[in-house]
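You will see two complexes here that share chain A, one where it goes with chain B and one where it goes with chain C.
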Partner chain A sequence: MARHVVAAEIAGTVFKLEVAAGASVLAGAVLIILESMKMEIPVEAPIAGKIAEVLVSEGQAIAEGQSLAVIEG
Partner chain B sequence: MPHEELLTEFERRRARALSMGGPDKLAKRKKVGILNARERIDGLLDVGSFVESGLFGISVMPGEGDNTPGDGKIVGFGKINGRDVAVVSNDFTVKGASSSLTNMKKIGHAKRVATQRGMPLVMFGESSGARMPDNMGARGMGTMLGNDPVQYVRYRETPWVSAVLGQCYGSSAWYACLSDFVVMRKGAVMAVASPPLASMAIGQTVDPEELGGTKLHAETTGLIDAVVDTDEEAIAAIKRFLDYLPSHANEAPPRKSTPDGSDEEGGALLAALPEGRTRVYDVRKILRSVLDRDSFMEIKPLYGKPAVIGLGRLDGRSVGVIANNPMGKAGALDVAACEKITRFVVTCDSFNVPLLLFVDTPGFVIGIEGERLKAPGKIMNFMTALQMASVPKLSVLMRKSYGQAYLNMGGGRNSDDIAAWPTAEVSFMDPAYAARVVAWANQDREELARIEADMRRESTAYDLAAIFGVQAVIKPQETRRYLKRMLEIHEMRLTRGVGQHHLRNWPTTF
Partner chain C sequence: MSWQAEADEIARRRAWAHQMGGAEAVARHRSRSRLTVRERIEALCDIGSFREVGGLAGTATYDAQGRVQGVIPAPYVMGLAQLNGRSVAIGGEDFTVRGGTSWGGARRKGGQGGFVEDLAHEYRIPLINLIDGAGGTVTSSRRRGYTVFPGIDGFERSVELLGEVPVVSAVMGTAAGGPAGRAILSHFSVMVRGASQIFAAGPPVVKRSLGQDIDKEDLGGADVTVDIAGTIHNAAPTEIAAFEQIKRYLSFMPANVWELPARNLAGDPPDRREEALLSIVPRKRTQPYPMGRLIDLLADKGSTFEIQPTHGKSVITSLARFDGYVVGIVANNPMHLGGAMDARSARKQIHFMELCDTFHIPIVFLVDVPGFMVGLDAEKAATLREGMRAVYVAGQLTVPTITVVIRKCYGMAGMATCNKNGADIKIGWPSAEWGSLPVEGGVAAAFRREIEASPDPKKREQELESEFRLLASPFRTAEAFAVEDVVDPRETRPYLCRFAALAQSKLSTMLGPKSRSGVRP
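After this line comes the complex of A and B, so read on.
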């Protein structure tokens, strides 16, 4: 089982968490919505699997490349 | 038979030359599904059209003649769908296709003929670098290497395309970087020098994939345009790319018939465009609906994702597409996106391909990371390239067009004609930020909201149309029809479809 870290492609804030640790997701499922440049940007699951960890909370400021969640799949 | 001895000797020599590095090396490649240098040529060219230059070339080094059939680089001319091209195919089974005196003359010949007679140059890269020990010492450097002052110069008289199909160090890497299109097979490596040499130089083990694999070049350096799984797919990509371009800079690109089933009504387009202004979407869905069916060939899809670029056709005419993609970093243009666009503008301008710009960007990415990567300089490179480009430029303002990015994407007369959708918003910055700038001392939320609403009202497509900042406001689903007609209007009649090529000398990497 591989651990896959999902990172932010852009700096911004966490607008909404769509999943919690323990959830099973399909590849392409929206995990988190970021807000940046006044746009809502969905962060999608790169692989199918189980959410091992969510590393951020709503309203939190994040940097480009920051780890957001970990999927095991 | 008259002259029997002579003809037998000819056949013996020809068979030896065609045997390349010998059956063992060729069998090894076949086993792992990698084509050899001659199979690559066969896959590229129309059957029976190949005419070779230098079949009997060998090494000039004493005693090396028998080990070097073709001297490791196979060169010649042939047709792709009836159009002539020059080809250089590195034969790695002969001395690792290393550069030597004879084979460099062969490459020089292919380039010279391609340039003088106006045909594309195709290069199958797989080479180890300068041949050893031939190039060692003063004699090696003075007589072997180079001695051709136009060896690595690019005036873009004709299209150059490269495939990176194995280890590419030295000339294969240099020529790939000088090309207008580069496709790379997974597992291939492109770098200045080989991993063992790099390891020796810096005293630590270097992983080939990390040094110059597809992931590095597709996502981080942007030095390649496409990644494929097989040699056959690489050949198909080269053929497809060349299909959009003219044989040389002094003619217009070929026009094709329009395939049935192109989305004339724009139904898919309307469905792909979200109603909420803060919602993102994949601009490729919009492009597919506007362009001729299945005609879009995306270039550098994994690099600079806030922009989507590629070649396509509209009404059978070749077009270069530059689109902001809200799906990638909200469409905010970063340094990689600027480089990718700039390089593409250069290619399109050099080969007379009109540009279509699809605009939906909140602006350039601002922040420390971009500044460290010289963002202001990259933004101006992009702007300069667009302003110097003499091919027809048409912009469609889909949604946001803010600040300097408004100009970079064709606003302010940087495109020849601009249409806006009713969803367009034009201003210097997002009103949500601007209201705070204007009312910086005012913390009253209601007052802020009022200022923001006023600013938003004055930022519409109709406001811009009222002062002729755009020439038309169109419904999104009318875009295909509008652009078809505008391409016709802006045809370069005075020069038979040939532009001025101010960008032809632009470096290929910057």
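After this line comes the complex of A and C, so read on.
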């Protein structure tokens, strides 16, 4: 089981959480939607697996490179 | 008296060459799931087409009577071959002979200024470098008794080739030093994810210089060099998959800059109208959409080949065909950074535009760019300067371009997506919006005092925004003939196929090398 940390590629705020801890996801599934550059930017699962942790909450401001969630797959 | 004995000796010497570094070294190389350089050439090129040059070069041992006992081949294998029926020059280090390090023959076979580069230059054919070596070794200075000046075997020919013929580099093993530098001096580079690495200097040098312990995959694997840094363009899962990418890439390229890329009709009708295009852009302006799918719907079916798909992802750069003609696509991708141009995507776009310009490939811009990336991180990365370099290089393009504004086209990043020097056409979809800056933020900046003075500032800002949004209709710009047309998205493919055909006449009058003047900002 590899733990894969999903990081934000862009600074912004968390617009919407699409998954919660414990959920199983396929690679490419939208985990979180960030609001940045006046757009709703999807953050996708890089690998298939189970969401071990969601590290942010809706409305939270985040920095580029900040860890958003952890997938075990 | 015939020459049978000598003919036999040729066969014997060739057999020695094919033994490479010997059974033990070859087995060790294969145990790392790596092909030998000869297997690589065979796997990549048309079957039986390899004609080796310099196969007898090496270090021989003779007995007391002067009879040859054996030859350790030079650690570089090269020659001429056919690839998809076309001639190429190809060569690569033989890692099984002294790790593919440089070798002191009368004339270099590969590497900087090697004979394989001369073959590509003299015969005006593509060059393929299969890179698997660390270049120089200090042991050579013990042999010589002195150290060589850097650049005595310089990159002059490698540089010259970049304006003449397609140059492709495949990093097959661990590359550092000269071979690593040569991998970069190419139009297209590919490496094997998890199996090959490239860096300016490897872990022992890093340890000695910085005191850091890092293994070679963490230092120079594809996760770093392809995805983050863009040092190498593409990654492939296996060596064979890397060869497939090379074949695919070269299928779009002419043999040299004096020829046009070949047309290849695959039977996709130029007048195909895709219904899906009518609804691919969401009406809600904050919602992105898959630009990659939009490209697939427009281009000849199955014809696209993306360069740097994992780096600088806010722009997509892809070779493709329209009605069989080769076209370069530069498309902003709203799924990443909202399509904003950052330093990475700017560098990626610059490389791709210069590639297309050099090989006489017309460019289609599919535009959805809100501007340059903003914020402290972006400023630290010199986004403004890298972005203006993209504008500068776009301004120097001589190949025909066409600009299709899908949604946003704002500011200076928008200027990097069109060339207004000639009759290069700009058209918009009904979803298009453009301006020097977007209404959101733009209104707040220009009417700050009026908004602040109003009894309900939020409401006043919204009123002003809706007033300006009405003016931003693409139809109003078309009325003023400030864009050439607004098109039904379903008409886009027929339009672009017509453009690709139209571009051919002009392209055929501008063949040959391009001289670029001026200083990039």
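Simple rule for what comes next: the second predicted complex is superposed on the first by the 73 of 73 C-alpha atoms of A that agree within 3 Å, B and C clash if a C-alpha of one lies under 4 Å from a C-alpha of the other, contacts with A are read in each partner's own complex, and residues count from 1 in each chain.
Keep this in mind: a contact is a pair of C-beta atoms (placed from the backbone, for glycine too) under 8 Å apart; a residue touches a chain by one contact, two chains touch by 3 or more.
Here the structure is a predicted model, which means the values were calculated and not measured.
Novice: Applying the document's definition of touch, where does A:10 land relative to chain B and chain C: first, second, both, or neither?
Specialist: Touch status of A:10: both partners.
Novice: So, does A:39 touch the first partner chain B, the second partner chain C, both, or neither?
Specialist: The answer is both, since A:39 touches chain B and chain C.
Novice: Per the definitions at the top, what is the overlap between the chain A residues touching chain B and those touching chain C?
Specialist: Touching chain B and chain C on chain A: residues 9-11, 36-42, 64.
Novice: Can you tell me which positions in chain B touch chain A when the two form their complex?
Specialist: Interface residues on the chain B side: 278-280, 305, 326, 328-332, 362-363, 365, 367, 369, 430, 432-433.
Novice: Which residues of chain A touch chain B in their complex?
Specialist: 9-11, 36-42, 64
Novice: Tell me, which parts of chain A touch chain C in their complex?
Specialist: 9-11, 35-42, 64
Novice: Report the residues of chain C in contact with chain A in the complex, numbered from low to high.
Specialist: Spelled out, the residues of chain C in touch with chain A are 286-288, 313, 334-340, 370, 373-375, 377, 438, 440-441.
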